[in-house]
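Common to both upcoming complexes is chain A, partnered first by chain B, then by chain C.
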Partner chain A sequence: MAVLRAERTPARSAPLSETSVLGWLRKNLFSSWINIILTIVSIYIIYITVTGLWVWGVTDAVWVAKDRRDCFDISIDGACWAGVIVWLDNFFYGRYPRAELWRVNLGGLLLFLWMAPLWLPRVKDKIFIGLTTVFLYPFLAGYFFAGGDKGLFMQVMISLAIVALIGQTLHAIIGVSSGRGLPEYLIRLLGKEEASEARQRHTLLAILAGALVVAFVGQMGWSFVGVSWTKWGGMFLTLVISGIGIASALPLGIILALGRRSKLPVIRVLSTAFIELFRSVPLITVLFMATTMFPLFMPEGFVLNKLVQVIIAVCLFSGCYMAETVRAGLQAIPHGQYEAAHTVGLGYWGTMGLVVMPQALKHMIPNIVGSFIGLLKDTTLVSIIGLFDVLGMLRAVSQDIPWRGLHKEPLIFGAVLFFVICFAMSKYSRHLEVKLSAGDNR
Partner chain B sequence: MIMAVGDTNNTSVPVRPKERFDFFHDERVRSVFYQVLTAGVVGWLAWYLISNTAHNLEVRGMNTGFGFLTATAGFDTDFKLIEYKPGIGTYGRIFLIGCLNTLLVSFFAIIASTFLGFFVGILRLSNNWLVARLALVFVEIVRNTPLLLQIIFWYVGVFAILPRVKNSLDLSGGAEVVFLNNRGLYMAWPVPGDLFWMTTTAFVAAVVGVFFLRRWAHKRQDQTGQQFPVVSASAALLILVPGAVYLVTGSPLEWDIPTLQGFNFKGGFSLPPAFLALLVSLTIYHAAHLAESVRAGILSVNKGQTEAALAIGLKPGRAMALVIIPQAMRAIVPPLISLWMNVVKNSSLAIAIGYSDVVALFMQTALNQAGYAVEMVAMTMAFYMFISLSISGLLNIYNKRVQLVER
Partner chain C sequence: MKFTRLLTLAASAFALIVAGSVGASAQSTLEIVKKRGLLRCQVGPPAPGFYNLDANGEWYGSDVSICQAVAAAIFGDKTKLEIQSVSSQVRFTALANGESDLLSRTATWTLLRDTQLGLDFTAINFYDGQGFVVPKDTGIKSALELKGATVCVLTGTTTELNLADFSRVNNLDISPVTFEDTNVRNDTYLAGGCDAMTNDKSSLAASMAAFPNPGDHLVLPETISKEPLAPAVRQGDAQWFDIVKWTVYVLIGAEELGITQANVDDMRANATNPSVRRILGAEGNLNEGLGLSKDWAYNIIKAVGNYGEIYEAYMGGGKLGIGIDRAGSANALWTQGGLMYSPPFR
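Entry: the complex of A and B
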């Protein structure tokens, strides 16, 4: 016997918990007695924190005052943001001469201009742009920040940097508009498409050499007032140290990681020992070592300034951590890739440079951003050995006579500043992780 | 190639041309060459740095050698776990005090951050949306601000502005045994009497008893399938046996209670505000990092495992304890142990708020006083390396034990 229905049963509506706000609330906040209690406790905690912070930091706060006593006279319970506002420039630039601040800003902006092509989808040769960022940008930016007399070496590096910047900006513009590269465009412009490859290459080299000469002559008449490193400070100094740290950590890390995975025992043991030495001690001991022992290491009469000592220490330290990141990236590459590379006849450097590293680097990018966040936070340690980085400046407020004893507000401002930078970067790295692994998860 | 006439069977055998030994392209020669080159460069660099250092030390007339360890140190330290007097104690003792202080704060921070980290990690996975979000906000705020900033904030923003000694907070709720003020935390401290060793012995005996009880219960369950309430029985054993001995021997434990004398508390045990600030900030910072590892570890266990455990009739609590957690631990323990290493390393930030850890006491104060830069830096680094290597040795043993045995 079969039971048949004459009509279709009407579709039931979706469960309440999926459609209405009330249903959602019931499912996620009030599903059981324990959940109800937890919800109430959470709401209470949020209420206490938010109202407390709001009253202290906004409604009762003092925004304009001439010193801390003045703050107390206006409102005894509120935050004294006036001190933070007065010191704002110091937090970002330290004691950098106020008339020259534009140089710091421009130098920073230049980095964005420099790296902008990396985000544009149609631009080719991004590895080259990445390399110039690491190897040429620091010289140009360094001259913007430090100024003073340029030696011949600096002059050459600055000219190279200028040519690279202009060249790759044009390359990016041409790439976005036509999908071609700058060299191809130049060849077409000169009507040499028909010429042999060698001829084309010679033409391009001639153009490059010409551009270099023009840049070299151009930069000779251009100079900035010298600003001693002792005047550098604030967030600017923090970014300089951590930026150089991460930029040099990458090559150092790659070398050390390859060394650690090498088949040659001497190289492997030395690399492993070096990595483990720096990874097993705290950064502050490395910094102390730099300031107390580097002067002893140097030949007599050769003096490194403290900033250089600190930067070397940070580079070594972050290089060793980067080595482990690189090693993890290398381990993620299946062994078949090595074997395939050997099969087509590539040697060690060919295998690593053309097959393994490009894939490993893709895996590593999120971790590299993560290391940069870590390094940015760790750079605050230089305030302990007497550099006025952003934390040093935040603490200096309480020593300033009008604002004596003002501790909390600058520190909270600093925390918010770091939070914004680090949180944005970590969100971005998570986004990258998803985007870059899209190909692997098909 | 010349063939023997009539040897028709072997005509098509290809003869491999004998390889010429190519000195520059032979793999063994190259590997020896590269290794000798590397060792040479590193050796030369080391020699260069050492000879420069030796020369510089001589020029500056600085003393070298480890003789200073037995020389007396002239400065005092506010927090020490072992006997030390300035002018009598040696630099060796100063080093020991510093190491012990580092280990003390790291030990408590490790325990506290492990518990708090697991707690927050589980909250992150709560069904309750609000609780999970709150835990997330906590984790993100703590993880995205520098530890040093947090340490200084806790020190100058919380522990340094506590009430003065006269208005101390009584944390024991009126019993007047635990006080908190801007000079630190003061608490009563037990002073064992003559017969207290019997209580200690009873406790050790109870621990041994618990060990055998567990083995017996396991065996019984394997043989008969019956379970034995091991946890409650062990707890009873651990509390009742030493407790009974303690009472029978006439409660041989006195309490040294801190009392206000003049401007400060005397007696009991005290911890300086810098210690408390460091402990709290290290705990919170590392707990937030651990919470993410715990969450990831629990999420890494396949959902089918929970379902299978419930299907064979385990209650949810037992399923968690017997099936999910043991598998999650495999993913949690490696980050957990490297987190412990980080706690020890990060405790060196104590120097920013004046807690006398090994860096502040030995690498800074003692170094400024005595000036044996090379030796002191080397000793401090060796201390941290020793700790790190011990902890990572622990990790390796664990990893060997829990490794998935692939069949």
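Entry: the complex of A and C
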């Protein structure tokens, strides 16, 4: 019985059950009697749910009607999307004056323009761009949203923001096309490549100062009608509150986490107390405290903007949660990294900024994005203290006389809206993780 | 939510203490409002008839009209107004801490609230009361026939307590089914989850009008509670209290005297009735004690109309109304058998 043969046996094709659709179905869905029953029952449940929703939400639905009674008259069993459509402006912008909506849109568009260089390859100085996003963009956007009279400080900040925006957009364009930065390009343009470094720096500073003056003069002739914060609302308000909360959570969280791990007792105790205090209280309580109790402690006649109170409360709250996330990330870094950093002569900030944080932040991304998503959804709590954020508006539809009782459709719309935003954030975080851990998979 | 309630209570108690000192030492509310150039008026989360947001984000409703009337009385311009919508947990605190100047929302005037929360109720502008709604095909004609019934009710409100009292007094053995949200309660009732539904009659009317077939349901005649609704102000500023109180009276008085938004100009120029001439500022000096301009009442009526017009628009059969009959109810004028009565303008 010769088992060994000189020539190779020809490769056989994979069994039919591994390659064909039928084979897959048989293997995964119909392999035993129990599985067959489960499959059929599940398919039936999915079928009735989907068709039910489809009939209610699409085929029987009413898209154009003048009020809910009209919807009922057209189709009594279907969804009444007409009310949602009529209320769309309220959902997105709240009570913002309808003639000024473009300001909100433009403000949002500017954020995209501002942050676009961060996502583009070959652009340098991304940290600087990130910093201007956090420190300058809010002033420009804030003026777009709020309008009214500009104080001198505001005028300066707006001019800086305009110069930063134009500068970094040019920087990004030049970066993408030639891989160089704006300063280098300007120097070449002026033919000063040969000049000394100090001279080049002075030239650049002069250009910057000139641009600032032009921007300052330019913005003086430019003003918007004031829109009180009480008119802000809808998704716009939700994004403003959670956006500021998200932007400030990370810096605040890092500072608090470092404070909590500090060797200086005072800083450590204060940071720990602060974190534990805010973390052990529900957000709604913090909001109530900020909006109803806080004014009582203030001098008489001093009415602080409720929106500012809410934003401060949200920032502190999210900062404390972030601090614990950051601390967890810091603890994951082996001690050898600190020692290695010390050996090459780095001090405390050098160790943290160049060695520890970059590694720790990478590990923290899922948790950080998780808390951002949580914050975005928690922000809807402000509807309880009387701000008409998106949830407040979605619930107000059912009280408006023409659309009285219409409450399922707006809430479904809201659920879809939140899903889209949160899912996008989650996907982006996944993308970041993959990108940043590319080094680990070599 | 228990914790939240405790906190609210603590906040209210604290506000009460502070409000006392604020009221005593402050400049008058009228001066503050005039200096600010804006009246801050507090309403609640949207509720049909009283305060609603429309699709353009504008407020409308009968309590909103009261806010507009006060703004018109002070500034001659009803748009110099900031409407604040505050949840019921913090409504009294927000008034006490000076966030709002005036509370014009469905807050029932009760002795405890009047005496213990540092606020004063001005003049009643709506008499509400708790009632029941049942499907017509049950054949029930009176709330006393609800023996052993399950009744849908909103939790955390006095309606729940009133229902329990009513059931006990009349030996009805009603079992309540409680809800947090009006819409969910309505859906449950419509799906047959309870035999009847109870709430303030204004709110019942509003809910019922939104049913697919309103004609299949019936509001029972009994009213089991008293819910007088009145705008409220901070305690300790008598002038401000008078301004708000007399603004409500102007609305009622104007209806009694036949002054409407449409004929107010004509009335001011040509009326011979001395009451009309006094109220509109054509003669006399009714305005002086209030610290307002001579045409304050004219401005009110010009801006929002009289009480009857407001009622018709938002409570009655108007396009934005919730359709509650006024005739024969407590909200009719005293001359027509109701309780709406203003002291004389002289």
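Everything that follows uses one rule, which is that the second predicted complex is superposed on the first by the 416 of 442 C-alpha atoms of A that agree within 3 Å, B and C clash if a C-alpha of one lies under 4 Å from a C-alpha of the other, contacts with A are read in each partner's own complex, and residues count from 1 in each chain.
In this text, a residue touches a chain if its C-beta (ideal position, glycine included) is under 8 Å from a C-beta of that chain, and two chains touch if they have at least 3 such contacts.
The structure displayed is predicted, hence computed values, not measured ones.
J.: Identify whether chain B and chain C fit side by side or clash on chain A in the overlaid structures.
T.: clash
J.: Looking at the overlay, what does A:Asp400 touch: chain B (first), chain C (second), both, or neither?
T.: second
J.: Which of the two partners, first being chain B and second being chain C, lies in contact with A:Ile284: first, second, both, or neither?
T.: A:Ile284 sits against chain B and chain C alike.
J.: Go through the superposed model and pick first if A:Trp87 touches only chain B, second if only chain C, both, or neither.
T.: second
J.: Going by the contact rule set out at the top, does A:Tyr96 touch chain B (first), chain C (second), both, or neither?
T.: second
J.: Considering only touches as defined above, state whether A:Thr230 meets chain B (first), chain C (second), both or neither.
T.: In the superposition, A:Thr230 touches chain C alone.
J.: Let me test your reading of the model: by the given contact rule, A:Phe418 touches which partner, first (chain B), second (chain C), both or neither?
T.: Only chain B is touched by A:Phe418; chain C is not.
J.: Taking the superposition as given, does A:Ile384 touch the first partner, chain B, the second, chain C, both, or neither?
T.: A:Ile384 sits against chain B and chain C alike.
J.: Touching A:Pro295 in the superposition: chain B (first), chain C (second), both, neither?
T.: both
J.: For A:Ile46 in the superposed arrangement: first (chain B), second (chain C), both or neither?
T.: first
J.: Can you tell me which of the listed chain B stretches (170-178, 332-340 or 368-376) runs into chain C once everything is aligned on A?
T.: Superposition on chain A puts chain C right on top of 368-376.
J.: Common interface residues of chain A with chain B and chain C?
T.: Chain A residues touching both partners: 282, 284-285, 288, 292-293, 295-296, 300, 384, 395, 398, 407.
J.: Which residues of chain A touch chain C in their complex?
T.: 68, 72, 76, 86-87, 89-90, 93-96, 98, 228, 230-231, 233, 282, 284-285, 288, 291-293, 295-296, 300-301, 303, 306, 384-386, 388, 392-393, 395-396, 398-402, 404-407
J.: In the complex, go through chain B and note every residue touching chain A.
T.: Answer in residue numbers: 31, 34-36, 38-39, 42, 49, 52-53, 55-57, 59, 126-131, 134, 140-141, 143-150, 152-153, 156-157, 341, 345-346, 348-349, 351-352, 359, 363-364, 367, 373-374, 377, 380-381, 384-385, 388-389.
J.: In their complex, what parts of chain A are in touch with chain B?
T.: Touch residues, chain A against chain B: 28-29, 31, 35, 38-39, 42-43, 45-46, 263-267, 270, 276-277, 279-285, 288-289, 292-293, 295-300, 373, 377-378, 380-381, 383-384, 391, 394-395, 398, 407-408, 411-412, 414-415, 418-419, 422-423, 426.
J.: Mind listing the chain C positions that touch chain A in their complex?
T.: 3-4, 7-8, 11, 14-15, 18, 22, 25-26, 32, 45-48, 52-58, 82-87, 89-90, 93-94, 97-99, 182-183, 186, 206-207, 209-212, 319-322
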